[in-house]
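By written order: A, B, C and D. Residues from 1 in each chain.
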Amino acid sequence: MDSIPMKSPSAKHFQKQILDDYFDRLASARDRGQKVVYTFVPGNLTELILSFDLLPVYPEVNALQSALRGDSGNFVKRAEMAGHSEDVCSYVKCDIGMMLLGNTGPAGKPLPPPDLLLLSYTGCFTFMKWFENLAALYDCPIALLHVPYQAEGGVTPAMTRYVVRQLEEEIIPAMARVSGRPYDPEKIRAMCALAAQSESLFVRCLESAQHVPSPIDSYFGGVFYMFPIFTAFRGTLEAVKYYRLLLEEIEKRIRENRTAFTLEGDLPEERYRIVVEGPPNWTHFWELWKLFYRRGAVVVAGSYVRVGGIYDNGFRHDPDHPLESFARYCMGCYTNLSVPARVDLLTRFMEDYKADGLVVHSVKSCNSFGAGQLLILKEVEKRTAKPCGFIESDLVDPQYFSRAHIKNRLDAYFQMIDERRAYHDRNPGH
Amino acid sequence: MTLPDFDRLKALWEDPEFTEVAHWQARHPGAPVVGYLPAYAPRELVYAAGGLAVGLWGAGPQVEIIRGDIYYQSYICRLPRSVLETAPALGAFSGVIFPSICDVMRNLSGMWQILFPHQWAAYLDLPQNFSSETGGRFFHETLIDLATRILGHPPDAAYSQRLAQAIALTNRQTDLFRRLAGLRSKFPWKVPMDEWYTLLRSALVLHPEAHIPMLAAYLALAEKRDSRPLDHIRVHLAGAFCEQPTIGLLKTIEASGCYIVSHDLLLGLHWFTAPLKETGDPFESLVDGYLNRSGPAPFKYCGPREKAETFLALVREHRADGVIFAAPSFCDPSLLDRTLLREALETHGIPSASFKYAENTCQYSGIAEVAGTFSDSIRLWPKES
Amino acid sequence: MIATLGIDLGSTTCKAVLLSKEGKVLGRGITNTRADYRVSADIAAREAILDADLALLGSLGRLSTETLTLTERRLRLAGFRRRLQILHQALCRVMDRTAAPGLADLARDVDKALDAGDASNGAHSRVLDQIMDRSLFFRDIALALYLDAARLRGSLDEETLATGLAKALAATENTVFSKALDETAATDLPPAVRPLIPKLAAIRPRIAGQIGTGYGRALLPFPETEIRSEILCHGKGARYLFPDARTVLDIGGQDTKAIQLDENGLVASFFMNDRCAAGCGRYLGYVAEELGIGLTDLGPLACTACRAVPVTSTCTVFAGTEVRSLLYAGEKQEEVLLGLHRAVVLRALSLLARSGGIFDALVFTGGVAQNQAVVRTLKEYLAKDHADLTLHIHPDAVYTGALGAALYALETL
Amino acid sequence: MSLCGCDVGTGAVKLAVMAEESHDLLFCCRETLRKKAPETAVNRCFDAAARAGFPLDGFSYIAATGDVTAVTARTGTFFAMTCHARGARHFSPEAMSVLDIGALHMRAMVLDPRGKILSYKMTSQCASGMGRFLENVGQYLGLGFEEMQALSLASEDPSPLSAVCAVLAETDIINQVSRGVPMADIVRGIHDAMAQRAVKLLSTAGLIPPLAVTGGLAADQGFIHALSQALSASGLGLSLKTHETSPFAGAIGAALWGGTRLGSLKKQVGSR
């Protein structure tokens, strides 16, 4: 073994390494005296948190990882026993249930309780209720950042000013109090610069799917690619390194004209290029993926890999104006966009990524994504004249995944595309 | 003086064609008519523009939903469906205000832009930061934008003057609401629940100028009413700030032995705990009202301890024996607030009961059972000392 | 001659259609799917073949309509009696021994009822009409026969018998037995027909391709390539029946589908109801059962009402209770039923709207298309918003999916 | 004179006759409601009572609960949960929680030592996994109430049910039959699904053991067995009480409340 020269590790391997390391640091945070901040993925303030030498914890990520491991059903049930309604978002219930059952994190190690709840009120109202509930369970300070909604499809100076002021008056002082450190503008600047690098690399990775055949699956594979940038690593060297490795691998695939990677090796034939709107189902993630790739469908673009923030429109963290760029970042995340803006974005994806159709995956939990999705579907259908499909399940409550129902709809959807293709082959003029 | 014609009042808001609004419009040609969704909107901005603000609080059970179901999956509450169902009747409205209370409402504002491009759809981002310099300033700017929308041009000095008058007007209305609530809380048998509710709800469709005299007259009569109290418990009803239950449901609760002595139904109409300032910059008065004088609400952030305390204070103020949590199905803000509040009650030994409803829930037997058992458990086994 | 077979394995019924190479429907078969899916598919297919055989006989021997009808009656009656036999044996097995003498009596009574019906020869007999009616299944008719007989005799406790019958029926429905003509070649077939039977085998079409579709298609013993989504099949079938079809509404037992076709007949978009069975055929069936009204009587009964009492429960199970409590509160039965049907139509309309609206010609398919009250209410609503729309309902509406499947099978030949 | 309690549920009418002084149960009967008007079923119950020697005019108080309008002869009415709590306490005085599971509803109640209902939860809106559902399945499978219990108890490898909907589950069950799953395992799978719903409801209400089960399903040993297993599996203290009269708890409780009211009425009359 020793005689084999160390090759640079694969992106996947490297990701595992940094994630393991992160969970180790979390597990030992208490003992080492490092403070922990719980916060949300959309529009997160990772650079700011890290600059105070605080460790971020993302309850949504814990919830989805619990679901991938098959634990979420129990957690959700536990929270419902504690009085939470069946109707509300299952992320919240999974998180609360996990906490009530000992707060063992995704790595099997106990998670430290929060020293600060950073309620970045971005793109979803449930966040507020979620942390209000957590604050009642943990006895710790809570800092709220209200992020205004891009209702009219844009950001006004008043909106930016509002967010920046909150950062200055509420968020930064709260972090300083908890960490016992002052705000360090130099550190922030450096991290913003690194963040911008990762962001550019990440965008290139995602855009690789414009190639035919697509070298990646931008949804089922994409959710793993997005982890480092949307969680604890944006603004660090690790993230830059990860996305470099990833991009190299993807570019190699393109050179070799390879199709997207699936659970069972490369996709034998790229038959359908799909854009997906909505978050995935985590309890039956692999099963759902199979329903796509077994039919030769690859997801070339989607909204979910942009939940944390959108970089496709040219946004980058700005070392020269860090607070303004944080504000713009928060306001720009996908679920903070108006419905017409979401339609525009998806329509553009359909064109840029040469997609055959749009599939909307609607999850019972999430009104932020869900309310209006049917109109979005109709509008994209109208504007692109491409077939759109619709499936339903949930994020982390396994009860709501019905394989038969989803398969039934996807079967019909893909066969519908086949029919159209066959017809156009027979009647080329049309 | 006579009692208002309650049947007519009910018909006003149950009318999916908004005939009353059309009549008003015919009498006031050119005046703007603006719709607003739950739970709070600064109606004064519309009145100051000489217009009529119309609360779009759902169309009730009698409207058959077809169009509304096109856009909503089964796990979303009924309110936006029935609003969309009646939307074509709003053709003459100049715009609609969507207060920021939940994601459903938020997204509806964008859907409106697509579906009804001839109207403006204004999303009203209520700040969750309550410092007057930060949240206040943002809200001030938001209000100016909204006024600009309503007027079609930026507000001028004359408008500000009219706005001050409008604030005085709604102050009179909310004062009457407060007196009505006070009377009900003291002598629930003098103000039957359906009358109370009808008076509140008709304020969604009527201009305050038409509504206030009626309210005042009712109050004078009700105070003198001599009806007999029933052996009922006193409850606070929480969670219904947005989608509204039917009057039948409210009556069922009452018939099952519970006097609803306070509630958050139609919250935005009566949530200011004190009158708004009638002097100074009227926009600032609205801002100050929202930041400092508004009561608790599930869509308004406040620290969890403060939330529990204000809630307990409310329950005590009305000497409620217990709380009934009635939340619209699939309403995240209401349902997630419930767990917090229920725990607070539990630690203070205040009993509570809960159920879900939709605005078309017309089968009341389960609800009667919940409310009835609640009443029984308090009446038949008096509190141990 | 070669033909293709399309099988639509639905949640409540299984349909089969036999199609000639030229695209002509040769035979149709239908059965309920309470039992084993494979058995159901088999029975439906055999029924379709039998149906085709009957048609062939007509062309073979230039038989009169009367003779043909008589032949069909004989065949169906013979089949029915054989199943009754199996049922009876099963019943004896599952019932308490002490009931045995009573059971024997009942079997005799049932037989007599059948004989009497047969003897009426041409004149109408209720039980024979039922046996000939494709929308009624063995289960329903046999159950009614037995229970009627028991009521007349008053010998056995009704509830015990009902439970026993249910159990015996489950066993009976899992037994396949052939109804093909040559095997049944019953002695009592009309004389003109008997000599034709041997010739039939020679000209009977050979099934050269088959496609399965429907809710339970994954359970069909078919390879993946012989399976098609019911959306496509319904679209294709509807287009075959009505070349101008643009929008298809299918209401079956457990799902409702709204399908849009483009000008070339290709599926452009579709929507299906979500997981809850509310608003579909079972919603009506469940309430019919609760009230003790026959499924086929439900529609006509509702049609006698001139106003509808709203039924707000979307839950199938609670709708049953709501209907009962409305009746109890003094509402007229037919008006409540009309309300129930209206609820089904409303759901269907929003699904249609969700799939993109209604274009030109709407084709209504599925079992519920046979329900007059649903059709009437649907027409009323359509008249409001789509005055110039044509609503197509084919007598073969329930076979649309199977027909589409058979058409797809033709394409694979 | 005796007390009469009549519980008009959604699945069945239950009637109980109790001695006014000793509160001994003298008679009880049950009449299912399928395809019958509630009034008919109520009358049949009263007829049965009369045949057993308890005619209508021998009752000093007729207490109705449930769909009370069907009991035309009623003296007074009480709410269902109030009755079930009282009835459960009557036969299991140590019970601190009560689960009432009937045809369409499930109710969980937690009591204080005096029998006061501290908290309760009730299913609504969706009838999946209740008694009526079991009855339907029985009809499909051709199994009677008793047979289902025996089968369920005999199952070794329960087959989980994927759809919880009372209607869609039928299809699910047919699927299972198709695949050759033994009847016993199917039935047990259903009992398990029901038990899980019950456990969830109980824990939301804040279950305190011991638990008394009332309502029609209390008579279903298969369900009771599944419930006790589900309770211990979820770590909720286990001690389950049922009694042969459990299905009549609502009627018994109503009769007892009738007795209480009668006492205070008499006092009022006496003091006049």
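Note that in this section contacts are C-beta pairs under 8 Å (C-beta built on N, C-alpha and C of every residue); 3 or more make two chains touch, one makes a residue touch a chain.
Computed from a predicted structure; not experimentally measured.
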Selected pair, greater C-beta contact count between B-C and A-D: B-C
Averaged-CA centre spacing for the pair subunit D and subunit A, given as whole angstrom: 48
Rounded Å distance between subunit B and subunit C, as computed from the means of their C-alpha atoms: 51
Subunit B-subunit D separation of Cα centroids, rounded to whole Å: 40
Subunit C and subunit D, separation of their C-alpha mean positions in angstrom: 38
Interface hub residues of subunit C, defined as touching at least two other chains: 215, 274-276, 318, 325, 354
Where subunit D touches two or more other chains, by residue: 67, 125, 163
Per-residue overlap in subunit B, given as positions that touch at least 2 other chains: 70-71, 73, 329, 356, 365
Touch-based graph of the chains, sorted into line, ring, star, complete or other: complete
For the subunit D and subunit C complex, residues of the former touching the latter: 10, 34-35, 37-38, 67, 69-70, 104, 125-128, 132-133, 138-144, 163, 165-168, 171, 174-175, 177-178
Residues of subunit C touching subunit B in the complex: 274, 276, 310, 312-313, 318, 322, 325, 342, 346-347, 349-351, 353-354
Interfacial residue positions of subunit A with respect to subunit D in the complex: 77, 80-83, 399, 402
Subunit C-touching residues of subunit A, taken from the complex the two chains share: 374, 378, 381, 387-388, 390, 392, 402, 404-405, 407-409, 411-412, 415-416, 419-420, 423, 427, 430
In the complex with subunit D, residue positions of subunit B that touch it: 256, 329, 351, 353, 355-356, 365-366, 368-370, 372-373, 376-377, 380-381, 384
